[in-house]
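Next, two complexes with chain A in common: one pairs it with chain B, the other with chain C.
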Partner chain A sequence: MAIETSNECMSVAQAQALLQQGVDCRGVGDHPPRFQTGDKVRAKVIHPITYTRLPRYVRGKIGTVTKVHGVYVFPDTVGQRLETKPQYVYSVRFAAQELWGPEAAAQDGLYLDLFDDHLDAT
Partner chain B sequence: MVHTHRPESDIALRVKAIESLLVEKGIVDPATLDTIIDAYEHRIGPHNGARIVAKAWVDPDYKQRLLTDGTSAIAELNLTGFSSEHMIVVENTPQVHNLIVCTLCSCYPWAILGLPPTWYKSFAYRSRAVIEPRKVLQEFGLDIPDDVEIRVWDSNADLRYLVLPERPAGTEGLSEAALAGLVTRNAMIGTAQVQPPEPPSTLAA
Partner chain C sequence: MNGPHDMGGMHGMGPIPIEPDEPVFHTEWEAKVFAMSFATFCHFFPVDETRHASERMPPGDYLSSAYYERWLYALELLITEHNLVTPAEIEQRMAELAQGE
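Then we have the complex of A and B:
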């Protein structure tokens, strides 16, 4: 259990601050992003029995990076209170036909923000 | 008049029971709970998003900033907050229609649109919006022409999305505040388009 959480009662002032400021999910990265806009990537085929932000419907599918969002903490490990494991998040566009087959509209696309750990180079 | 007693729903009773237990054990302060409920009942809601949209419609520089860096542009209006910390704004155009969903649960820009509607959290919307967005939009009353690209944004990570709808024709003379009054919650999720104001009714001859 690397991430400690508090069981203390939240005060009115803490709630007001939380509503106003929210929770910053960004992290610090010490290396350049592995992928750039325009790169083709493949979502990993993994089946973790624990929490993950990698939806099943994109696993194994190929998409294109449309934006590098920056570094964010990794919910897959934070959700288990293991480690923050900060890493790059990319906006990846999957063609609707890549995900759903030839009956989907050729021009439609699905955009998903994926973490570095969810992606392989193609 | 006959007095009919309406029993509380199972979920309401369950929430009450859990709340009193948490308060009893000192895990939740009822005053804190009231603060949060009050904020979402009176201060936070789709009117915040409507202000952002209306400003983008009347101020091209603001619109540019909003589409380039949604988080900073929304912070200019002091409208950021919990569950809207990292914002991406996507623009509807005659060529592109955007639709927001969270297939994982119900990720939604709370500070900007308030709490998500029930249908947004339903399994049906969350699965069908990605698989057959055109059909889902039809059921919302939107027929998207075949030559328009549909972009579905599954806001599964920690970025939250807001659709900048198209400004309806015939609204050139409207003030920013009047424009904001036209913008609906569903238009900012992408399940509706903003309608022009109703023409003033005329008396039948």
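Then we have the complex of A and C:
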């Protein structure tokens, strides 16, 4: 699906409302999420020369799904003006020691919102 | 893209400067860049495209640029890639501004 861009300019009032209140960008999924809260997931090891929102320091690391956010368009493809590829987004907790090794504090964790295409089941 | 923006875990960059009363914009041109960027990415570009554009800034330039300089780089890259403005037109306008026109 190609990206449709609006031919209508945003009014000043619309821009103010957008900036002050934000906007809900959630889409609707026609299938259940692949992962549930509590599931272990592994971030994919990928190095696309184009665009990705998957940070280098989590690639290959195992985390735990803490929340299913819903369905959103996929920035990795939308950012290149390719398909919108709507998919589930999850909050994934990575233990600090999983990311940074034994020198990191044992109780610390880092939460990242990651897309289905960034994750593999473990 | 494994670009200079993806700095998580990188060492040696020094502390992040924190201003106690940080203004929204430090100068008038920053506000203009913000306004022009919003005007174009609501109208012509998905917002993720602007982030992808700023990440394509040469790494040395990216790391030595201020926040809104990166926005300006992305804006100029996208308006020329989408044939809204030519690089020559940007150069011409810069020359005019340099002469105080």
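Simple rule for what comes next: the second predicted complex is superposed on the first by the 104 of 122 C-alpha atoms of A that agree within 3 Å, B and C clash if a C-alpha of one lies under 4 Å from a C-alpha of the other, contacts with A are read in each partner's own complex, and residues count from 1 in each chain.
The definition used in the following text is that a contact is a pair of C-beta atoms (placed from the backbone, for glycine too) under 8 Å apart; a residue touches a chain by one contact, two chains touch by 3 or more.
Quantities reported herein were computed from a predicted structural model and do not represent experimental measurements.
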item	value
First, second, both or neither for A:Arg81, with chain B first and chain C second	second
Partner chain in contact with A:Trp100 - chain B first, chain C second, else both or neither	both
A:Val12 touches, of chain B and chain C: first, second, both or neither?	first
First, second, both or neither for A:Pro55, with chain B first and chain C second	both
Dominant contact partner of chain A by residue count, chain C or chain B	B
Chain B versus chain C as contact partner of A:Val45, first or second or both or neither	neither
Where chain A meets both chain C and chain B, residue numbers	9-10, 15, 55, 57, 75, 99-100
Partner chain B, residues of chain A touching it in the complex	7, 9-12, 14-16, 18-26, 53, 55, 57, 69, 72, 75, 89, 91, 96, 99-100, 105, 107-115
Interface residues, chain B side, partner chain A - complex	26-29, 31-32, 35-36, 39, 44, 80-86, 88, 103-104, 111, 130-131, 133-134, 146-159
Contact set on chain A toward chain C in their complex	3, 5-6, 9-10, 15, 47-52, 55-57, 75, 78-81, 99-100
Contact set on chain C toward chain A in their complex	1-2, 6, 8-9, 38-39, 42-46, 48-49, 51-52, 55
